[in-house]
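What follows is a set of structures to go through.
Each of the next two complexes has chain A plus one more chain, namely chain B in the first and chain C in the second.
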Partner chain A sequence: MTRRPGQPARPALVCGEVRTCLLASFQALDGRAAAGLLRLRADEHVRISERPNLYALSPETLTGVDCRLPTADGSKVRAVGTVAARAALTEGRLLQATAWFSAPAAGPDTRRPWGHYLVRPGVVEPFGRLPEQATAQGVLRGPGRGELDLGAVAEALLARLLRHPLLDRKVPFKSRRTHLRWVARRVPEGERAELTRFTLAEDGLRTVELRLPEDTPAAAAAGLCEDLALHDWLLTTVVHMLESGRFAAADGPVAVQALRPAVDHLLHLWMPHARVERSLVHLWEALEREPGFTRQWQNLVQRIRDQLAVQAIRLPHQALSTN
Partner chain B sequence: MLIFAASDKGGTGRSVTSANLAYHRALAGDDVCYLDFDFGSPTASAVFDVADARLALEGGGLHSYLGGQVVEPERIDVWAVTEHQVLRDPPPGCGRLVLMPGDVGGGEFATTGDHVRLCADLLMKLSYEFDLVFVDLSAGRSYAVDMVLEATARPEMSQVTARWLVFHRWTRQHVAAAASLVLGERGIVAAGVDRGHDEEELRGAIRFVRAAVPDPESPLWSQVSPTQSAWLRKADADLKQLASAHGIGYSQVLGSVPLEPVLQWREQLITDEDVLDSQIANMETWQALSRLAARLTDDKHWEQA
Partner chain C sequence: MSEAVFRETTAQPRTRSVQLSHLSLELGHLYMEDFEAGPERLRAHFAEVRLWVEAVRASAARRTGGKRPRISTCFLIDDYFTRFSTPAELLPLVLEEAEKAGLAIDYLARESGCAVADRIEIAESVAHRLVESPPPGSNGSRPPVGQTGWLANGRRTPTTERAALGEVRGWQPPEETAARNHSVFMDVELWSEQDGRRLWSCPFLAAVWQLARLGLLRHLGEPVLVPRPWDGAEFPHDWDRLPPLLQLDPRAAAFSAYRTCTLLPNRFLAVEDAVRLILDQTQVDAEALRQVAARSKGEGLEVPDAVAQRATYIFYEDPATGPVSGGR
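And now, the complex of A and B:
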């Protein structure tokens, strides 16, 4: 390799995983409490914003790694560096943890001193050339034994937050976590960012493939994926609520009770690309056209409101018929 | 809600009955998770008719999770992967039925602080996601029992309701053994109190399930001679007396499951098809399981005597 030491290699890939869950707290947290929860580091502030909705973003933490990268074709690529992670809390209700790293197209053939990696937060350098396609597919498929596990980093962060003494550990309703794995192939500066694929897999797993210009920071891609994961979680959860046996078989007050958590805690959370970087907002628009996230959400909201209206009509009717 | 299934001896129908209860609750629309903490002999995959071949390959079950080798134990969506014909087509409106198996070839292990913390984290997380979490524990005062007693005693678990089912067969030995498992010197209650549980609260959260109980009135026994029939009734009455003498009498019993030939020969889920179409299983068994499943969350059956 002819490049001088210290000169960064071309960035090739950004990979990440977002885990989304309901905060284990009976009441939604306010801004102060959210800041207390997300204070992961003493030396940096939690960022809070209140418009257009309450949103808190933790400082980034770093996890040092020295292990193989997950690869779809089984090729063994050792890599060293740091994985960045952060947590976000939306409306004091939905908690997300994201772990991600960027990888250059090639790295040094020997391990450098830690100082080298510490000045490159969130960068993991491969030994030799990075098999881009195989690594991207490997990350989406999930790691094998001994391979770099972004999900584990995100999960550990969630577990740490959920043990926080601030939380009363009561959930207002049952819901499942979703995992969103994403990879972004770097394209030359000036090209347009693109969302090439969004898939729903079994077990609450979603995968996203992006093309990202070199000048877009990795954290911006993480922000976009957190936003996608959040709205996908809302759709998944409300669909499950409407499909569940308790609602389908129920009538009257039981049906109202089954829908109540959606009204109390979820319907107001829908706010696509509220904080997505401007150069990436058009990726959301692609999803709005096909499959149509907001279209499905409005449909669900309408269905819930209609159900509640039908149940409400019944009440005076019953009152009259019993007289 | 967490439901711990314990028994003093093997062969009490603990695993198969609790799996059937999980199945009934899922049919009724609850999201249900079943954890196989029978570390010495994981059997749940057989009961749910889930091939365990792929687990042997991946080795990401509960043993690996508690040993700290994987961050999350393998989950199996029973409806999706079971080889049981009837389970493959769950009725609309039923809840999720998820199995977390142990590792094939994994054994018992001693409880250390790490195991307990990971166990508590898992139970906690599952209680946020599922309406009911069944935990099938190895027989006796096993490591599994100690581990969940310690995990549920942790302050962060105080908000999660946990109930215990102790399974025993309807014989003199089994009645005495079940009583000593719970109330004995080294029993569950004593061990729980050692770990910081409130004695009264823990006792109030434990109920007994009598399994494979021969009903003297059942048609199964209609052909026996009058002397045999009289003996059966006498034995049944004696056992009832013995049970209440041991402090596990009627008020401590959540229900009983009749002697069911199908369960005697093969640990399996009893489906409505087995009862109605092929009629290989008895209607009484189905009804008993269904009743028992409903009582798990019916507070009336869990009030202090």
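And now, the complex of A and C:
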């Protein structure tokens, strides 16, 4: 490819994976502690925001890769570059790690000096032409043996953070990690961003397909997907909590115990697109129409409150009768 | 799009830019043994350097299209590996010999300032910015097989181990990742531990020094190793009391620059090759990088893409007489 060095090639594809989990800490972290946890490098700021909720974002780290890209049609494309990763902590409670890369439509046929790749953080250049469709599908399906593994990069960052001495490794309740894989195809600048598919798969896997204008930064796409992953995790976790609470409904105190963590730790976390880049906020609308993320959430919140109200009515009676 | 109404400074930290010359020219990088050899050694050094300085100035002017290039000169003294004499005794001698040769030293730096300056652990921060060049097959699933405290330009010789069936494999050569037909494999020691204290290696501190001269070092968005003006008074009697970077000439061009040129005796060739290896695997502050690229482009003097390419060197025959000391 004859491109002047220094001019970033327009990425044809941006791919990423977000892993979302409950922070292994009995107490939620305050802003200071969150900054301490996410300080991946001493010389760079952790971004801290307090409105509309407490949110901390780590500096980006890079992982060098030189391997085949995951492709759905089995085509073998070697690519070299860096995968960017960062971590975010929301309300000192929900920890997310995201790994992502952008790929230009074509790259040189030989590996260049490593310094070339380091001044393009988060860009992975294919050898020759990038099979866009096959790579996008390959990333969503997950990597085969030896293929670029975004999930592993995100998981390594999570593991590193969860070993932090600030954490007591005690969770206030049980929950499952979710993985959200996403791909964004590029559309010409000026066209409207679109969320074309959100798939709820098994084993906590979700996939998102986007179409984004060329001038949307990859980090903004990552931010949107982190926001989607966080809210999907909340829905998944609270649904699960209510299900396990249902069996306990007959037993008042047990039901209260099952639902209480939702009130203590989760209900205030629902805040769609609080920090999503403005040009991408409307992508939420698609999910609000169908299936209706916020509608489901409100319904769940109402059920939890009703359950607790019912138990509250029952409890004084029991308390009276036992005395 | 309209500007956001609400802003939080802790959510959008800024990176401050630094002033930039066209070229940062290093007139010497001397070690205590050079000073021990007496003023004649310094004199010979500056006499040799003087010739090359003319050539470097001419080359910089050609790049700026005849416009007078902004060039700042600097001089680095080792006070990190060995300590000798005092600034009050040594520095007037250096400045005098430079002046006799017709050279002006604009900035004076202490090598230990590349390790820690103004209580900021600069070397430590740069060490955390190393992103190792991945050998083919690295897919992100395993961290690079790093040898703590060392950095290589390829795959090391595997340690001898028994294969599954117990046969002992023979020696396997190391492999340079960017090899063309044949490898030139290099493994650089970044630091060692002495009495529980980390001793940074000379190439590592020299890499930090290059990044400072290229205007690419920041600590929490603020420039580090910022020059302090010198009031012309006597130099202190203790190296620790000398600011890490001193501006001797108040009218000098900015310390940091788009490019660097370093004049050195040829015994330093291996060290500087190691410096390039380190620079080639260091992820510098993205915003600082962007600022330098934008400014140089605005002047029509675009910098090379990769940071290591911005540093050039002139190696000359060591004018030293007597036994040549190879280490530093």
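Here is the rule we go by: the second predicted complex is superposed on the first by the 299 of 323 C-alpha atoms of A that agree within 3 Å, B and C clash if a C-alpha of one lies under 4 Å from a C-alpha of the other, contacts with A are read in each partner's own complex, and residues count from 1 in each chain.
By our rule, a contact is a pair of C-beta atoms (placed from the backbone, for glycine too) under 8 Å apart; a residue touches a chain by one contact, two chains touch by 3 or more.
In this text, all values refer to a predicted model and were calculated from it rather than measured experimentally.
**Q** So in the superposed three-chain picture, is A:24 touching just chain B, just chain C, both, or none of them (first/second/both/neither)?
**A** First partner only.
**Q** Between chain C and chain B, which one touches more residues of chain A when both complexes sit on the common chain A?
**A** It is C that touches the greater number of chain A residues.
**Q** Applying the document's definition of touch, where does A:244 land relative to chain B and chain C: first, second, both, or neither?
**A** In the superposition, A:244 contacts chain B only.
**Q** Of the two partner chains, chain B (first) and chain C (second), which one does A:203 touch, if any: first, second, both, or neither?
**A** first
**Q** Taking the superposition on A as described, I'd like to know which of chain B and chain C A:50 touches: first, second, both or neither.
**A** Second partner only, chain C.
**Q** Tell me which partner A:156 touches in the superposition: chain B (first), chain C (second), both or neither.
**A** A:156 sits against chain B and chain C alike.
**Q** Considering only touches as defined above, state whether A:32 meets chain B (first), chain C (second), both or neither.
**A** After superposing on A, A:32 lies clear of both chain B and chain C.
**Q** With both complexes overlaid on chain A, does A:63 touch chain B (first), chain C (second), both or neither?
**A** Once the two structures are laid over each other on A, A:63 reaches chain C alone.
**Q** Taking the superposition as given, does A:171 touch the first partner, chain B, the second, chain C, both, or neither?
**A** first
**Q** Would you mind listing the overlap between the chain B footprint and the chain C footprint on chain A?
**A** Touching chain B and chain C on chain A: residues 149, 152, 156.
**Q** Given the complex with chain A, which residues does chain C contribute to the contact?
**A** Going by the criterion above, the answer is residues 1, 4, 6, 8, 10-13, 120-121, 124-125, 128-129, 131-144, 177-178, 218-221, 279-286, 289, 293, 302, 304-309.
**Q** Going by the contact rule set out above, which residues of chain B touch chain A in the complex?
**A** Against chain A, the touching part of chain B is residues 28-31, 69, 71-72, 75, 77, 80, 92-95, 121, 124-125, 128-131, 156, 159-160.
**Q** Tell me, which parts of chain A touch chain C in their complex?
**A** Its residues touching chain C are 5-6, 41-45, 47-51, 55, 60, 62-68, 78, 80, 82-83, 99, 111, 113-116, 118-119, 121, 143, 146-150, 152-153, 156, 278-279.
**Q** Would you pull the chain A residues touching chain B in the complex into a rising list?
**A** It comes out as residues 21-22, 24, 145, 149, 151-152, 155-156, 159, 162-163, 168-171, 174-177, 202-203, 243-246, 248-249.
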